[in-house]
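Heads up, the next two complexes both have chain A, just with different partners, chain B and then chain C.
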Partner chain A sequence: MKRILLICLFAVAVTVASHARTLVVAVNTALPDLKAAVAEAADGDTIKVKKGYYYSYNTLITKRLTIIGDGYPVLDANYKEEVVTILANGVTFSGFVLKNSKTGSMRDYAGIRLHKVHNVTISNNRLINNFFGIYLSDCDHVSVIGNTTSGTGTELTAGNGIHAWQCHDVIIMNNYSTRHRDGIYFEFVKKSRIISNTSERNFRYGLHFMFSDDDLYQKNTFRNNGSGVAVMYSKRIRMFDNLFIENWGSSIYGLLLKDITRSQIVGNRFVRNTTGIYMEGCNLMTANNNTFINNGWAMRILANCENGRFERNNFESNSFDVTTNGVLNLNKFDQNYWDKYEGYDLNKDGTGDVPYRPVSLYAQIMEQIPQSVMLMRSFMVNLLDKVERAIPSLTPESVKDINPKMKPWTR
Partner chain B sequence: MIVLLALWITACSQKPEALQYGKDACVHCMMTIMDRKFGAEIVTSKGKIYKFDSAECMLGYISEKRGQFGDADTYLVVNYKSGGTLMDARKCTYIHDQKISSPMGGNLAALASEQEAKTFLGNGNGKLLTWNELVK
Partner chain C sequence: MFKIAKYIILDIIRSKVLIAYTLLLATICTVIFLSDSDVIKGLVSITTIVMIIVPLVSIIYATTYYFNAAEFTELLVSQPIKRRDILLGEYLGISSSILGAFVLGVCLPVALFALSATGITLMVAGGLVTLSFTSLAFWASTKTRDKSKGIGLALMIWFYAAIVYDALVLLFLFTFSDYPLEKAMIVLTALNPVDLARIMILLELDISALMGYTGALYRQFFGSGTGIAFSVSMLFIWSVLPVLLALKIFSKKDL
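Presenting the complex of A and B:
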């Protein structure tokens, strides 16, 4: 009996599934906008929106629908509301231009908002001039793929491009974010992946983590943002194969790390940043196989960082390789390539025979008297550094690379 | 002589400085100060200025540097309602509510008076706090 019932149920399910309809939205038809189509549709239906210009004042998607834009139809909120809010599980939303959300200060208005949903895919949309671009709150198993979002472009009314709050198992992939406050923002987001995105010319950070654990970001590019990436108050973040480029200015960093533990920085490139990596209050960090080229400061590690391992990195053409504000105990530098290394390799094993001390005497002086920056590259400073290298006495004994490489690591 | 005197007087002024949103960085969390609803500042009795992106950052900094700041120093916070304007932090009323997304996750908003805070809170389930309750 039970089996027959099951078969019947299955049959019903199949017929229901096969009865999924496709509704077409077009201007001047029975279904003139997305809102009318959502009201008409049932779970499992597909809505196709034809090319055209539609006003959308916070259209609520409350059913399990596949919504596809045909030829990038425009949904415009005309600065009055959010554009679209998705409140149902299993929604696919793809191929739209969403623009002009309200820019309020009290509420975070967004182009696409997702609230308390799972198994939702947001793909290939273009978001233009919204306060927040894509806003996820209380979501899990959501994919955000191939979208571009361009914010308001004014500092005071810019929200975040892709904003996630209290989510887990989210994938953010192949998106482009610009003119926002933070390109991508994670707060209380666990076990999520950020892969192959580009964040550029955002006002604050390209990517920002707050209180988010066990996340991975890989193969992203962060160009010319306020700062590249900030990871704060988080644990076990993996940062692999990213490019941090041209994040310039006072108190601006390629990668800013504050109070984080057990995180890995592997295979990244830091090019032309004021400070490549800034670390404060970081424990059990590993930074291996990274390349630092043409930065002001390649790494600035404050004395409250412990148990860091920095191995097999390339340091080339940086004004300062490593600086610190005290003694760096329990941090280990090993097998890095330093272009400023002037030692020798008598046994020709590719490793220098005398240790390299990356913190120069001049960097120590700069620490006490910042104004002495005006003496940079002067004869006196070079002389000081040369003497200190020959007879180390003032630079921290603990910071040294015992096995400096003679040639850069090839990547 | 007069110029020197003038310099000496201005050098010791304890005037607060407006927060440059989008430019200044928070002393405590290093973040650029961006959100006009939030922000805080300490002006010490000697006239040194510390800027913060939120009240919770200022509180964190004060407790971290225990003993460095005292009664003689001025604490200022930004009005959540009007944004951008600094008020005496000791005289403000604070709302602690999950709905308030302050920059450092403190869920804290500063308002000018208890009256203003109460009207703002309405029927919400946030909590009202005074400065003395916060510094504890």
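Presenting the complex of A and C:
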């Protein structure tokens, strides 16, 4: 009985497969654009779009189709509408150039919009001059892979490069985002992964989390954005092996953390940022194995952060290692390498024998009088810092590394 | 003028004090670079030296030499040579010797170990500091009558510029922290060659931190080439103005 059932199933599968057709869209043929092809096609079909220039005013993909661009055909919305909206499950959309979506303040027009779908793959597209690049709402199990998106480049009419709202189990991988408001934006997105993307020269953040829990971002590069990454009001975010580089300016940060809990920052590199990590109202954070090089402020931790653990990080050539606006009683620094450490190691176990206090007196002075930036590295300031290190009285007693390393951790 | 400068340079080389200074600088720089693999950290340490030792040696050596060569100067004055040429010749001779020592002692190791924008800024800033303090030494020497007073004045100038000035600035900042001090700070910096040189190097080393400053004027100043152009031109004024003042005094001075 079981065997017969299997054979029947197989027969059905074969008939379905043999019915799946491939439709070819080309200029000046029976199928002159994507819209006509979608109307013609049935679930499971493949649409191939030949190289050419097509106008696409919010083409709706309402069937389970595989849509492939051959030689990067251009879909242009001519500033009138969105370019493509995907409303069916199981769609694959790949190899297109999508251009010139409408911009507006009432609706978020996008290059590719996905709404209430799952198992959709968006890959290897080039999005140019759209308000929003790829817009996911109410989706799950969606993959966004290998796309590049370049926004409008003007601050007032810039949307987000890859925007996800109310999604879960999304994978964002190998994308490139520039000239947008946020490179990648997550709001109410759970259990998703952001891997090996590059986000640069966006107006606001390279990557922005709001109310999104249990996400991972790994091996991404954030260069020269308004701020590198902002993680806000989220829980259990894992931030691994990313590069934050050259995020410069006043109140501009490599990584901005606000009101988040139980998150991990591991193995990241912060290079030449004005502020490497800025933490406000963060609980139960761990920051391990990170490297901070040539930042203005490596870490700025406000006094309302609790139970943070900062271990085995390298701090090299930063103007200031750690600053705070009060005391950091419940946070622990341990086994970090500080290039400004001047202690000794008598028993040669690689750990300094006297604790290191990363908050310098001059940093405290800067806190009160920002104009004293002019005196940085002057003999007077060095003298004050030395005296304070010898007999601490003004800097917070609690902020210290009991086991500072003599040599940097090799990575 | 150039003939006088040539004789002075030859005399200085014979005296070996400046050679010792060159070796001291070269040793310090080389040791710093060899002991730490991080070049930027080395440059930071050398900056501190440039800000302390270089001005001190420049001003003290130039003053001492000026007074030691007083008899030579008197001899020259009795000849049909303009006083202006005599003093400028001496300035040229002494400053180029000290500058040479700086080039060999600091610029050479920096060029070998850390040739970068920061390194070059350090060289230029150090060279200009050398010139301005030699120039100040001439002012101090012509201003005073005898050697001990001259060296005393030179030492005071150094102590004031290298250490006391920053403390006063800090005090000033604390006192007037409620007021917008941005313009005042730029003016205050211009009044001290050591601070000017330090700012020049800061613009390379700590630009990340400087960009974090909220004041618009500062950002503008630091963000563009304006800061560097301003510092260099102010340091030039510091190298020329005291010597011109010295020239004025010297031309009327009863030797």
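Operating definition for what follows: the second predicted complex is superposed on the first by the 399 of 411 C-alpha atoms of A that agree within 3 Å, B and C clash if a C-alpha of one lies under 4 Å from a C-alpha of the other, contacts with A are read in each partner's own complex, and residues count from 1 in each chain.
The rule is short, and it goes like this: a contact is a pair of C-beta atoms (placed from the backbone, for glycine too) under 8 Å apart; a residue touches a chain by one contact, two chains touch by 3 or more.
Since the model is a prediction, treat every value here as computed from it, not as a measurement.
Overlaying the two complexes via chain A leaves chain B and chain C side by side, clear of any clash. Within the superposed three-chain model, A:Glu155 lies in touch with chain B and out of touch with chain C [touch as defined at top]. Once chain A of one complex is fitted onto chain A of the other, the partner contacts of A:Lys48 are absent, as it touches neither chain B nor chain C. In the superposition on chain A, contact is made by A:Glu280 with chain B only, not with chain C. When both complexes are overlaid on chain A, the residue A:Arg269 reaches neither chain B nor chain C.
Within the superposed three-chain model, A:Lys99 lies out of touch with both chain B and chain C [touch as defined at top].
With both complexes superposed, C is the one of chain B and chain C in contact with more chain A residues.
In the superposition on chain A, no contact is made by A:His168 with either chain B or chain C. When the two structures are aligned on the shared chain, A:Lys258 is found in touch with chain B, with no touch to chain C.
Nowhere in the superposition do the C-alpha atoms of chain B and chain C come closer than 11 Å. Common to the chain B and chain C contact sets on chain A are residues 251. The touching residues of chain B, counted against chain A in their complex, run 21-22, 25, 29-32, 34, 36-37, 83, 101, 104-105. By the touch rule above, chain A contacts chain C in their complex via residues 248-252, 272-275, 294-297, 316-317, 319-320, 339, 365, 368-382. Looking at the complex, you find that chain A touches chain B at residues 105-106, 108, 155-156, 165, 181, 187, 203-204, 210-211, 226-227, 230, 232, 251, 256, 258, 278, 280.
By the touch criterion stated above, chain C contacts chain A in their complex at residues 38, 40-41, 44, 47-48, 51-52, 162-163, 166-167, 169-170, 173-174, 177, 181-182, 185, 188-189, 195, 198-199, 201-202, 205-206, 208-215, 218-219.
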